[in-house]
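Each of the next two complexes has chain A plus one more chain, namely chain B in the first and chain C in the second.
Right after this comes the complex of A and B.
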């Protein structure tokens, strides 16, 4: 009789231990998934932002004096500028525009960034949920006008980008914060050729 | 058998958990590495830009400097800067390439710049520009032919020996006047060629009677008081004094003497270079019996009894310029485009490189 009791008790205890281990494993797996999504989201965003920064820094390069302005359009979510971006001796026209329309991404909060290079459009789908461009004049005063009508005043700009993964992922410890693991990137850029 | 199975399951779960934890840590490491690399890249770019700016500053001191920097430690990173002569958009330029490394991240910044052309004030109409009659005697030589800053002749690129709004300029004693007219040099002579002394001239817009108007006026940035302000700033060795005894030699930059009404800087020593201004609000100060060697531009209300050597040009600002003879002793006054443009060089964008494009 006591032998049967021992077996039952050991089965119960081992069952509890097993459940604990499985739960622990599940938590770790969830975190692993979240981390992986975070890495992908962060890498996507930094790659896109690196590309934007690379081109924004070159605005005005080889643009002859006499142009009305190197920046032809500027508002809080779109900028169009000139510069020999590809270093081939001819001035290019580049536009970066945040498209707020709904995408086919599983995470419906994410939107597209549209890059237009000499009329040829490319879609950048890296899970951007918000993009804001802030403009400053020569003494660092923010230009609050939107869109900026006198783009010649612009001497520097701040780029702020929020990103999430394009696939929905609700992390148990972030459900009140973000639908998916999020990344924020901000950079103030002073293009050297913006005279 | 049951216990063995449980052990196998538990060990299996622990192995799976271990691998998963390892992956979590690896992902965390990649996130941190990504941020770190991004930050390091930005710092590297800042270091590279600092390298370019240091080279620009050095070029302000020495335009021919092309040595660059090798493994220069900056902001806990390392920058290497090289300079080379090149052509950029048809302009002869100095190229500066700065490559920086910070925390294994590298960045390169390139700048192309040129030195702006030197500038000669339009008020320089001749070796000596006057608003009144005057005369010379003794052994003074006025040579309007062009010279380098050492006084060596540069053929056929000079100007009048004398340019005046008045109807007369008298040459007597053993004095000589020469110059260049329509690209032809005329050797200084006691009986000078008529063409090297320009009489009855008209200065378009009115004769400049202040240093700032003589330097080009507001249209080129010389609003009234600008020259005095530059002199007071001390830039390029500039000086502003009301007492000539306080001058430091050799003169350089803008040397501005503001004397009391009617006062004269007598037995003046003007050894040095740059722009020498002797002026007051009444336009009746004098520079008299000067001696030494000066290379550059002299702007003075009235000039009496030049001695010594001047290489450059002289402009008289005062209406009473004919009150005394400009020269009556042993003096050699040589026109020099090089000395003039050297003297004004630091007024135009300083001595610094004008950067026209960056690539980074």
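Right after this comes the complex of A and C.
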């Protein structure tokens, strides 16, 4: 009798342990996935933003005096500017443009950023939902015209980027969240070489 | 004998449960840190944005419109802060659509009302981003020694240090970013 009771107790306990292990394993897998999505998204977005910031800061670098304006086109989602970005002695033409069209990403809220460097286009697909460029004149007053017709007035700009993971992801224990992992990044840039 | 076995099994279960519980706690803390990281990134970018905005302004009210640069700092402003009612702004300064801005082009009052770096002394901005609300940005501007920007000087010098403190309800501590402006 006691032997049967022993077996029953053991079965119950081993069942509980098994359920705990399975649940634990599932939790680990989900958290690892969430962590990966978060880190990849944050890293991708900050890297893309750092790259944009680097190039925007260098606008006008080594551009000879006499050019109408270093910035040839400027609106709230697109900017084209000149500057010796790669420091090879020749002036480059760079365009950053937010493309609002629907992408093949699983997260349909995300869009592409197009970078054109001397005519060759690169697609930056890091999960940007919204990109906004705001322009300021020499005394820091915002230029509300869009697109800016007199780009020579632009002396600084603010870049705001809102991004999410290209794959929609909300953990089962965070159902209250509205958005997938992402990051909002904003920076005011005052290029030193804007003439 | 059976009693001993069950007690041992229950004891093992308790130990295993404790291990699982601490592991779960570890994962929760990890997740929390990863989530907070998002708000840290935004907080740093917002703080740096205010500093970059101040970089577009004059060094001091006394050099506004000046064609000949000052050679000694004595004639710079002694009191750091906004200069008169023309530079009065709401506190906190939040994104506004009032003129000269519009609903499609909102902006902060500081960008067009402030004209020099120390106008940002005591400035308070409240930023709501599309992902999180309530970033509180406070700035402090002090004179400092050009050769030792960590110091504080009570008399004018050619170096002003701006300290930007950013707080968010989603991060446990505040972020302080400092920048030294030189004339």
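Keep in mind that, in the parts below, the second predicted complex is superposed on the first by the 187 of 195 C-alpha atoms of A that agree within 3 Å, B and C clash if a C-alpha of one lies under 4 Å from a C-alpha of the other, contacts with A are read in each partner's own complex, and residues count from 1 in each chain.
Heads up, the rule we're going with is that a contact is a pair of C-beta atoms (placed from the backbone, for glycine too) under 8 Å apart; a residue touches a chain by one contact, two chains touch by 3 or more.
Bear in mind that the values here come from a model prediction, so they are computed numbers and not experimental data.
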Which of chain B and chain C A:24 touches, first, second, both or neither: both
First (chain B), second (chain C), both or neither touched by A:130: second
Touched partner set for A:46, first chain B, second chain C, both or neither: both
First, second, both or neither for A:190, with chain B first and chain C second: second
Partner chain(s) touched by A:144 [first = chain B, second = chain C, both, neither]: second
Partner chain in contact with A:121 - chain B first, chain C second, else both or neither: neither
Broader residue contact with chain A after superposition on the shared chain, chain B or chain C: C
Touched partner set for A:35, first chain B, second chain C, both or neither: both
Partner chain in contact with A:90 - chain B first, chain C second, else both or neither: neither
Partner chain in contact with A:9 - chain B first, chain C second, else both or neither: second
Those residues of chain A which chain B touches in one complex and chain C touches in the other: 10, 17, 24, 28, 31, 35, 38-39, 42, 46
For the chain C and chain A complex, residues of the former touching the latter: 1-2, 5-6, 9-10, 13, 16-17, 20, 23-24, 27, 30-31, 34-35, 37-38, 41-42, 45-46, 48-50, 52-53, 55-57, 100-102, 104-105, 107, 111-112, 114-115, 129-132
Complex contacts: residues of chain A adjacent to chain B: 10-11, 14, 17-18, 21-22, 24-25, 28-29, 31-32, 35-36, 38-39, 42-43, 46, 50, 57-58, 61-62, 87, 192-193
Residues of chain A touching chain C in the complex: 2, 5-6, 9-10, 13, 16-17, 20, 24, 27-28, 31, 34-35, 38-39, 42, 46, 49, 76, 129-130, 134, 136, 138-142, 144, 146, 155-156, 158, 162, 171, 179, 181-190
Residues on chain B engaged by chain A in the complex (per definition of touch): 2-3, 6, 9-10, 13-14, 16-17, 20-21, 23-24, 27-28, 30-31, 34-35, 38, 89, 111, 355, 357-360
